[in-house]
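Have a look at these structures, which come just after this line.
There are two complexes below, and they share subunit A, which is joined by subunit B in the first and by subunit C in the second.
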Partner chain A sequence: MTGVLAAASGLFTQSFVTALIAGGVLASVPLMFTALGEAISERSGVLNIGLEGMMLVGAYTGFLGAYEAHSMWVGFLTGAVGGVAAAVLMVVLSVRMGLDQIVIGIAITLAGEGITSVLQQAQFGGAYPRLPAYPQVAIPGLESIPVLGKSLFDQPLVVYFGVVLVGAVAFMFGRTRFGLELRAAGEKPEALDAAGVSVLNTRSYATLATGALAGLGGAYLSVIATGTFTPFMTQGQGYMAIVIAMLARGRPAWVAVASFVFGISLSISTALQLTGINISTDVINMLPFAAIMLALVVFARSAYLPPALAVPYVRGAR
Partner chain B sequence: MSAAAAVATAGFAVGTSSASPGAKRSTAHAKITKIAIALPAKPTDYGWNQQGLAAAQAAASSVGAKLQTISNIGYNNTQAILSQLAQSGAQFIIAHASGFDTAAKQVALRYKVPVMTYDVPGEDVPGLVSSITTSAEQGGYLAGILAAKETKTGTVGIVISASDSNWFEMSGGFAAGVASVNKKIKVLFEEIGPASYDDSAGGKRVASTLISANADVIFGMGDDASFGYLQAISTAKAGHKVWYIGDIGNMGPIDKQHVLLSSEIWSFTKVFKQAVADIQNGTYGKHAYNLTLANGGISMLKTSYISSAIWAQMQAARAKIVSGSIKVPVALTIGAVRKLVASA
Partner chain C sequence: MTVTESDAPAVELVGISKSFPGVLANDDVHFSVRRGEVHCLLGENGAGKSTLISILSGMQRPDSGSILVDGAPVRIRSPRDALSIGIGTVYQHSTLIPALTVLENLMLGESRRLLLDKGRARRRMGEIASMLGVEVDPDSRTGDLALGRQQQVEIASALWKGSRVLVLDEPTSMLTPQGVEELEKVLVHLKEQGTAIIFITHKLHEALAVSDRITVLRRGRTVGTISEEEIRSSDDSQIRARIVTLMFGDEAADLSDAAELQTSIEEVEALGARHVPPAAADDAEPVLELRSVTAPGDGLEPGVVDVSLTVRAGQVLGVAGIDGNGQRALAEVIAGQRRARSGTIELFGASVNRLGVSARQKLGLRYVTDDRLGEGIVRNLSVSLNLLLKRIGEPPFWRGGRIDGRRVGSTATALVGEYDIRTPTIATRAGTLSGGNIQKLLLARELSLDPKLVVFNKPTYGLDLRTTENVREIVRRLASAGAGAVLISTDLDELLELAGEIAVLSMGRIVGTVENGPDAAERIGALMIGDTGAPGAVA
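After this line comes the complex of A and B, so read on.
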């Protein structure tokens, strides 16, 4: 134990802790974008199991855009477009045609995995090109805060955009007519229909927004977090985003917090290994998932899911 | 030998009276005209799959045989795919993943087609099943010497993407190699996850953590996770040079930032050629195969970034390992790796 503490004291320098927190942010941002999208979708009554596939499509198209245009912004744009393209399937098959949302979601994930893998091979063969490290933007004043400054307030611009987006979605949910319609589509779709608003259109817009955000999350993963695209690179993050969105009960601020907790847990698990602590890495690597499960247990009673979630809307059906 | 294996062996020895689909095919002493290889992932990974395919191509061309390649098959439909290869007329199937072992053995016994498996030397069946093991720790030891000689910060790192016995061996050898040069050098060890072979984002995150902990030479093992290591090292803002030592294949062609110091190369070519010869001679399955420094199955990649003096020291250590005067410890578990790292 003494040895571990000694190792830890030597290891936890300011620059190391800064890198650790920055690593947590890096891991949490794709989750935040994607889970935010899922929150929008779930609020409207669409359970989007296909996030993993949408993220992968976004990761591929995002990487392709950034690589070809030499611009991360083009990458984010093409990533979002890729996610929307994948979401169109969900809109047509589940929202419009009323097919089972879970089945279609799984199909989108499987298709996303296969298509991106094939496209990557066809486009790049064995080349695996990589992107440069894109510039980060420091927030004057805040970036000089010890430890936290460099790790939290010296990020790629898209991270700040993500934080602003969290606020914008919260505002949209709570203060706009569209937000009200969105919630009504998930809670009492027949009432929304009776008010003369198309439930299907509302859910379609929500699903497309989910696709755009999942695509953006995937693009962040390939363009910023990794700098390259490799098949299956999302490694289940789409599913994690679904859990986070449910845990957050559709509240954007909680989505951001839960994503950050997950990311930081990943970083802590890395740090624990470096201290040489004699615990199985299997146990250490369970930390992020344990954190999420613990939060689920604690908050499960107050968890709220829209009554019409995953239920296709058919006018006049009981 | 298990009862099943004995029955299979007897069946093989007495000929082909079984009613199984492949039973009419004779395997011993026949000229090999068709070889098949099944790869778990794409052969463009600069690692395990690419090296396997290259070796299979070399082995096939050496005897004028046709090579049938099935790649990116994953692990959930192995038996069906290997059966199809057996029924397609392949006279030797390389089931190129230890995760294929069980299915490969079953296919070999059913269709009487010689199959190559990995890391299960005790499971050999004469004429049908043999296995390749690796003395991966030997290359790891040389990589450790190289890292110890090149480090400027006095800290080196190891990152593996999964709980894989070969990577434990390499990691343990690396720690021992570092210690053989300078016991004061700190060795840091990280595993991305129990099976995060393709987690490139995780690879970048963990390699970045090692760099932030002052490691300036990183020995990285992982399939697609290796692309994450390479990216982390290529884009590191450490204020000093950070080097990467890879594994199994050569990532040199995609190393645009010139950070690849070396790589522990695995070559299956001689083993596959020997296996083909053994099948034709009727001696297949009577012994296992091993990749070592001595037989050229394991070697270190010489890049222009390694000075002649350091390379000479590595070669001297290699000679001692081959002669047996250096005994490289073999770590088969993560606990054993941690012990070696702690004692380094």
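After this line comes the complex of A and C, so read on.
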């Protein structure tokens, strides 16, 4: 009994907590970007199952951009552009032509996986060149808070950008015309149409924004988190982002919170190694997915989906 | 006096034609409405009213013809064009978004600016509210408002950009009698301020109550307009006769129908004076008995709470109430599609709480759903298979797991004939039939096998006058043959015509039961809006 207690108290050393939170933040950023994107498209009525593929394309194009231009920022830009390019497929086939969103989403994921693997292989022939580590930016003052300071306020610049983005998306939903139209497109598209606003355009823009954010999330994985691109490197994070957006009911602040929780479950292995506790990596790698399933079981009833989600809009159809 | 701008009609439709594959929906239609006038558009379903309205509101474009606004030709290419000209439409089905606030609904599509201007929207809403003579809280969630309130928000939304013309498509179908009265007041307010109003309805007494002019549409053509002078100078029955002739024509084949219809309309109008459906004899055997039944609802829609009802053989029990007050839960808990949480349900004196849908069906219970396209039919299956949907796998239609196509075909053909289902062949996909024919298909399926108790949920909703009359006749015949019926309807006229006793459902509770009689309508209306002190209310 006392042995267990000692082990438990050993868990909560300062270095463990700092590492856990810092790792959680790092791991949550790509989830947060991608899930914010999914929140935008879901609230507009487009269920984007192709998120995984968009992330992978973004990871690949982001890595290429950063690698060729020797700039992290170029990498983010090309990552977002790659995600948008994949989203264009979704816009044309699902939003415009009204094909099934699930089918097209799966196609985008499969294509994203295949194309990026082939291109990587063709380009680097089995080698995995690395990018340099990019500097972290500490916020003076806040950084020196014990435990939290090092873990929260000493991060790559793009992490702070992500936090700002959460606020920006919330503002967009609540205060802007586009945000209102977007919510209307997901709740009752025929009402938006009757109000004289194009449902298809609204959903198209939302889907493109999703592509950009998923691409950014992917680029973060390759450019910041690992410094390289490996095929299938997203490891289901696109699907996690879909679950996060649903559990958060499309609300940005909750997307951030849920992303952080899942980020912690992703980063817990690193932190556990610091404490010297040895648990099989297979068990630890399982954690995020177990967490997702647990969250779904507990919160699934409260997940809110817009009534017109995944229903293609055709004027006058009954 | 020269013709000034104000003498020209606010809107004039000249020679509008519109065809869809196989149908000429509008054929050289002429229609106009002046400022400060209510012009009523009457016609059966399929007469072309909806097409005309969707052309005016920019949802459809005409094949030929022109639209004049204040005498000048305009092109309406989209709903946005219509709104900016000042033509606002309140559709039959709500276009409000329940999850958004009133103000958000009104701001939808208002401007092309980046940010929402809530202050300006609030002011505009204040202006319109005073123009309508109503008050609505701009920050409440739209879905939480009563239906009458929601309709006022819809009208405000239609007038948001201008109040030249207001089009109301069957605006009373969801309202209580009190709500209808309130609507009429709003219309008077608007008329005084010079708004031109196009009022679409299939209820003649409403048309006569609110309109200055009445135009009748039949088979896509305007067949006649009754002028203001005519309405004023002749008495109601003359106008009614004229309208019925206009609506149904005077061809020999239609004559009997028209006469029948007119009679039934008069019956409804003169209700209380004579024909009242008989209340059940107290000694008749109860076929259905609900005792304190409580069942959950779905989502925002309430379930049923502590409901007790008795239906006797040969009786039609009406259930009145505004839509969304637990009608579906009540129907489904009787049919067995929804479990009762507490209370007992008895069919023919034996509890059926534990029995499922098909076991209750075997006892003679039938349910005619209001969700015709959803759970009523399988759209992609043929008419014949839909007719036998509930007997799949049973002999004599299926033998040893194989379908007996000839047997299915002959039974289906007989039912199609008996219930007058208009379908090209029995192999046609059921989803391609019109709403009225789908309802006839459902009735044929549910009523063909010796029903003893039938639950009808909004059986005539959205049907044209003729089919409505057919359906009501079926209900009447059923009761006189000795079966019991529960008739759930949001159409008060229908309940007064068919039911001897009417229970009022409000937020899932039976708030009172009213014997059909001279002042039944008022008493039911009072119960609907929660005025439980109304005379004659039996809790």
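Convention: the second predicted complex is superposed on the first by the 267 of 318 C-alpha atoms of A that agree within 3 Å, B and C clash if a C-alpha of one lies under 4 Å from a C-alpha of the other, contacts with A are read in each partner's own complex, and residues count from 1 in each chain.
Here, contacts are C-beta pairs under 8 Å (C-beta built on N, C-alpha and C of every residue); 3 or more make two chains touch, one makes a residue touch a chain.
These figures come from a predicted structure and were not determined experimentally.
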Using the touch definition from the top, say if A:181 reaches subunit B (first), subunit C (second), both or neither. second
After the superposition on A, what does A:26 contact: first (subunit B), second (subunit C), both or neither? first
Please indicate which partner A:71 is in contact with in the superposed arrangement: first for subunit B, second for subunit C, both, or neither. neither
Based on the superposed arrangement, let me know which partner A:121 touches: subunit B (first), subunit C (second), both, or neither? first
First, second, both or neither for A:130, with subunit B first and subunit C second: first
Quick check on the superposed pair: does A:201 touch subunit B, subunit C, both, or neither? Answer first, second, both or neither. neither
For A:227, is the partner it touches subunit B (first), subunit C (second), both, or none of the two (neither)? first
By residue count, is subunit A touched more by subunit B or by subunit C? B
Could you give the residue numbers on subunit A that contact subunit B in one complex and subunit C in the other? none
What does subunit C use to touch subunit A in their complex? 57-60, 78-84, 89, 91, 95-100, 104-105, 107-116, 157, 373
Complex contact set, residues of subunit A against subunit B: 3, 11, 15-16, 18-20, 23, 26-27, 117, 121, 125-130, 132-133, 221, 225-228, 230-233, 235, 266-267, 270-271, 273-274, 276, 278, 280-282, 285
Parts of subunit A lying in touch with subunit C, wherever the complex brings them together: 175-178, 180-181, 183-184, 187-188, 190-197, 315-316, 318
Which positions of subunit B touch subunit A when the two form their complex? 42-44, 46, 50, 72, 163, 188-191, 193-194, 196, 198-202, 204-206, 208-213, 224, 227-228, 230-231, 234-235, 237, 254, 256, 334-335, 338, 341-342
